[in-house]
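Note that chain A is present in both complexes that follow, paired respectively with chain B and with chain C.
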Partner chain A sequence: MSPENKKKIPSVVFFLLVFTFFFSIPLFTQNFYYLSVFTTVFIYIIFATSWDVFAGYIHLMNFGHALFVGAAGYLTAFLNIKYGLSPFIILPACAIFCGILGMFIGLATLRHKGPYFAMLTIAFAHVAHESTIIFSSYTGGEEGIAGIRTLTSSWIGDYYFILISMALIFCFLLLYTRGRYGLLLKAIDQNEDAVLASGINSTFIKTMTYAISGAACGIGGSLFAFSLMHVGPTSMEQVMSTTILIIAIVGGIGTIVGPFIGAIILTLLNEVLREVADYRLLIYTTLVVIIVFYAPKGAIGFSRYLNPMCLFDSFGRK
Partner chain B sequence: MTYFEVANLHKSFGGLIAVNDLCFKLAKGQIVGIIGPNGAGKTTVFNLISGFLQPDRGDVLWKGENIVGKKPDQIANIGISRTFQIVKPFRDLTIYENLKVACYGKRFLKKHRGDDRADDLILKVAKQIGLPKDLNQLASNLGQGELRILDIARILITEPELLLLDEPLSGLSQIETTMLLELIRKINQDGTTILIIEHKLKELMRIANNIVVIDFGCKIAEGTPGEVVNNDEVKKAYLGDKKRHAAT
Partner chain C sequence: MEIFSEIFLFGMIKGCIYALIATGFTLIFAVAGILNLAHGTFFMLGAYISYTLFNSIQIPLIASILLASLLVGFIGIILDAVLIRPMRESHTYVLVLTVAVAFAAQEVILMIYGPQGKNIPNLIEGSTRVLGVVISWHQIAIIFITLIVLLLLWLALRKTKYGIAALALSMDETGARFVGIESENIFKLVMFVSAFLAALAGAIIAPILSITPLMWDMPLMKAFVIVVMGGLGSVLGSVLAAFILGWVETFVGFIISPHITGVLSLVILIGFLFFRPSGILGRRI
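Up next, the complex of A and B:
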């Protein structure tokens, strides 16, 4: 076994343990509240990791990721309520729709850099958000659309459906970024001219990755709508985009594993702090400030100092 | 059919003419130098040839085909690769990863479809060019000279037919300069045509077959190194006009 593969063993063991824990939760409790909290964790993992595959690797701040959440949510409502289609058709449809949406937005925005790109992503999400209000006869306006059927006939079925979807997306994104395209994305981030001079079409790679980011988030957005049985303009609000971004930053951008951990920490923390509702936002944002100051590489960067086994070395190098 | 030709190439930025109807040719297997004072437009010429800038008018002919309008990656994939005046390595990647990036270019993938030679080629080029043995160290640990060599190594992986080197000797020590000159000669002997911008004229004269001199975007002289150094226009461009100095 090569030294590189030996290094990966602790990380693989860690994720096997985490996923074993997730899969075994319904064996210990069938409490709706606990299951729905973990379902939310899984959905936010999809949102944050799908954000990270593009924005985290290329360091182009996408402040409008909620666009894909909302677009997929409305498509889910439309296909499920109007045509009664099953999730097995709706989820791929949402992935394709949001992938194409991502490709077009990518083509329109990726020639811009830094704050200009960020502003354009905000603008696209805002246009979509406002459209849901303007075209209220189709979208239900402020109230949104209710009456989406559940994924399966039981809560536990829904739990496993979302968990398996998350696991598949997470593995796909991990493989995507640990292979050829991850290397090229890092290279594009550091020096796009040198990538071009090596004969690589960087625009194609960026656009394709943005489409993949959109498609993955589209699946998450559809699962989100199914789990809430409702979709509304709030799913496209700036708050949603910012939440996704904070989760990724707290976890550690450009690693995929970081946003995975960030989503677990912040979504669970959000629930724990419900007990102290008045101070929740204060504690939440203070934690974000502390992490940004003392662990600029996010929780995954911080974990290196704590863990002598360098658990995440083979996953999060940046 | 000319191997490579630049014909009436023109580029201006607002009111400033950076390249003014420039013409020159390259024969296969040559080493041709482009020299000129600072701001003469040498790097702009490279940017126009390699597709990083589009000319206002004029042609760049590669084996008879006009390549103006092609994008930088397309130009690299037809066999014209370039390095940059300011080294552009991927600092947070390892030396191996820096070289591996070039293995994902279309030209490389087309040439090596079906074989598994990428790693062998990386090791071969790294050894040939004199990169540190430990390819797993980050590029950010390398010195200026090694970074420049790494830049050239990455381009060599794409197996170019025409190599554009933009001031490859700048910032190098004497030993590194000698090594790199030997390397450039070796690359040329292996069949790669080389167009090179360089300020270290003594060193350039040792390896170039032909020199093109540019000043204010115009070609002021062309010929063998011996002819160029004795050209009055070239002397004026580098040392100034004696009469004008006397008058002032």
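Up next, the complex of A and C:
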């Protein structure tokens, strides 16, 4: 066994433990509150990891990830309420729709160097948010659309549905970034000209990855709408995009595992901070400033202090 | 014919405010390479600080507007020194830090002033008729203040030592340092001017808009659209683009519906990114 593989075993064990814990929660408690807290954790894991697969690897900041959350949410509401389609059709539809949306934004911006991408992501999310007010006869305006049916017939079923979707997306993103494309993304981040000189179409890879990021988030956004049974303009607000970004940065960008841990930490912290809800955004933004200055690798950067177990070493950024 | 003079005048007022916002945004980007997502926050702070100075300390409105703009200019310098300068090498972290600052400022303002809109009175009360259109003296004052400020900015960039140093830095930072330009001081100065202009825009438009903690994202969006239209880093292009956007938005607002102006600017943005990413003038300051 190579040393590289030896190193990976503890982290595999860690994830087996985490997922075993997630899968066994309904065995200990059927309390609706705890289950819904963990459902929120899973959905934010989808948001943050799907953000990370593009923005974290290429370091092109995506400030409008909520666009996919909202777009998928509204699509879910239309398909579910108007046509009564089942989640098994709606989830792929949302993934395809958001993937195409991501491809379109990518085609418009990723050809250009410079900050066009960051600017256009903000602009798109902003206008999508405004459109929900302009076309309020279709979108319900500020109040949004309520009355989406639940995923399955029971709370426990919903919990497992979302958990399994999250696990599948997480594994897919992990494999994607640990494989050939992850390496290419890192290479593009380091030196795009060298990648182009090797005969690789970097714009294609970037656009495709952005589309994948959008598609994964589209599934998350659809699950979000299903679990709330409601979709509204708040799902597309800049606050949502920024929260996703903060979760990923606090966890550690460019690792997929970092945003996974960041989502768990911040969503649980969110529940603890319920009493001081007014200060939440202030606490988060302060946290992100501290992280950027003192721990730019995020929470996952601390894993090296657990060195005897070398828990995350193979996942942490070098 | 009256509708055209209305579009001309009201579009011009919009263009003035956009020009003040966008020139600062593009200047700091061209000279220091900072894409400042907290630029809208300067706009908001300008409005709130002049409101506070006028209402609590009760100094004359024109003085409170000027004082507020100067104060926000210094806030810009502090922001630059504390948060942006250490991270200036990384575009990514500058974006993240400035967006964090924007949200933190929004929350702080929300805590201090609450969510209700605030109002400050006009600089000059009353209205008059220009080209057959009723227009308030305050709106005429906005046009004159903007034109004077833009003219001063133009002279400062072209004729003074600091302006020429800023131009040199925008062309080639290393080369500018070689000939003895102290880049850090120029960055500070440009940050001050950038924040000053945004705050001035916020303070002089405040009597027309209502002042709310969420008012920072509109100017940021418009600044994006304008700098892409005018060419990233081109001050002259930004001024031109600001007035064009002001007129186009007012025209569409009058002819079709005022609700679609937000979407309109996005359509313009995408159109430029696809067909002319270098903007109207390309990259010239």
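As a working rule, the second predicted complex is superposed on the first by the 294 of 318 C-alpha atoms of A that agree within 3 Å, B and C clash if a C-alpha of one lies under 4 Å from a C-alpha of the other, contacts with A are read in each partner's own complex, and residues count from 1 in each chain.
Quick note on the criterion: contacts are C-beta pairs under 8 Å (C-beta built on N, C-alpha and C of every residue); 3 or more make two chains touch, one makes a residue touch a chain.
Given the structure is predicted, the values throughout are model-derived calculations rather than measurements.
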Tell me the contact category for A:Q30 with respect to chain B and chain C: first, second, both or neither.
neither
For A:H126, using the defined touch cut-off, is the partner it touches chain B, chain C, both, or neither? Pick first, second, both or neither.
second
Applying the document's definition of touching, compare chain B and chain C: which contacts more of chain A?
C
For A:L282, select first, second, both or neither according to whether it touches chain B, chain C, the two together, or no partner.
second
Which partner does A:A197 contact after superposing on A: first (chain B), second (chain C), both, neither?
first
May I ask you to decide whether A:F63 touches chain B, chain C, both, or neither, giving the answer as first, second, both or neither?
second
Per the contact definition in the header, classify A:L245: touching chain B only (first), chain C only (second), both, or neither.
second
Touch test for A:S154: chain B only (first), chain C only (second), both, or neither?
neither
List the residues on chain C that touch chain A in their complex, please.
29, 35, 37, 83, 86-87, 91-93, 95-97, 99-101, 103-104, 106-108, 111, 217, 220-221, 224-225, 228, 232, 259-260, 262-263, 266, 269-270, 273-274, 277
Give the list of chain A residues in touch with chain B in this complex.
180, 183-184, 186-187, 190-191, 193-202, 318
Per the contact definition, I'd like the list of chain B residues that touch chain A in the complex.
50, 52, 71-73, 76-77, 81-84, 88-93, 97, 100-102, 104-108, 151, 154-155, 157-158
Flag every residue of chain A that touches chain C in the complex, lowest number first.
59, 61, 63, 108-109, 112, 114-116, 118-120, 122-124, 126-127, 130-131, 134, 238-239, 242, 245-246, 249, 278-279, 281-282, 285-286, 288-289, 292-293, 296
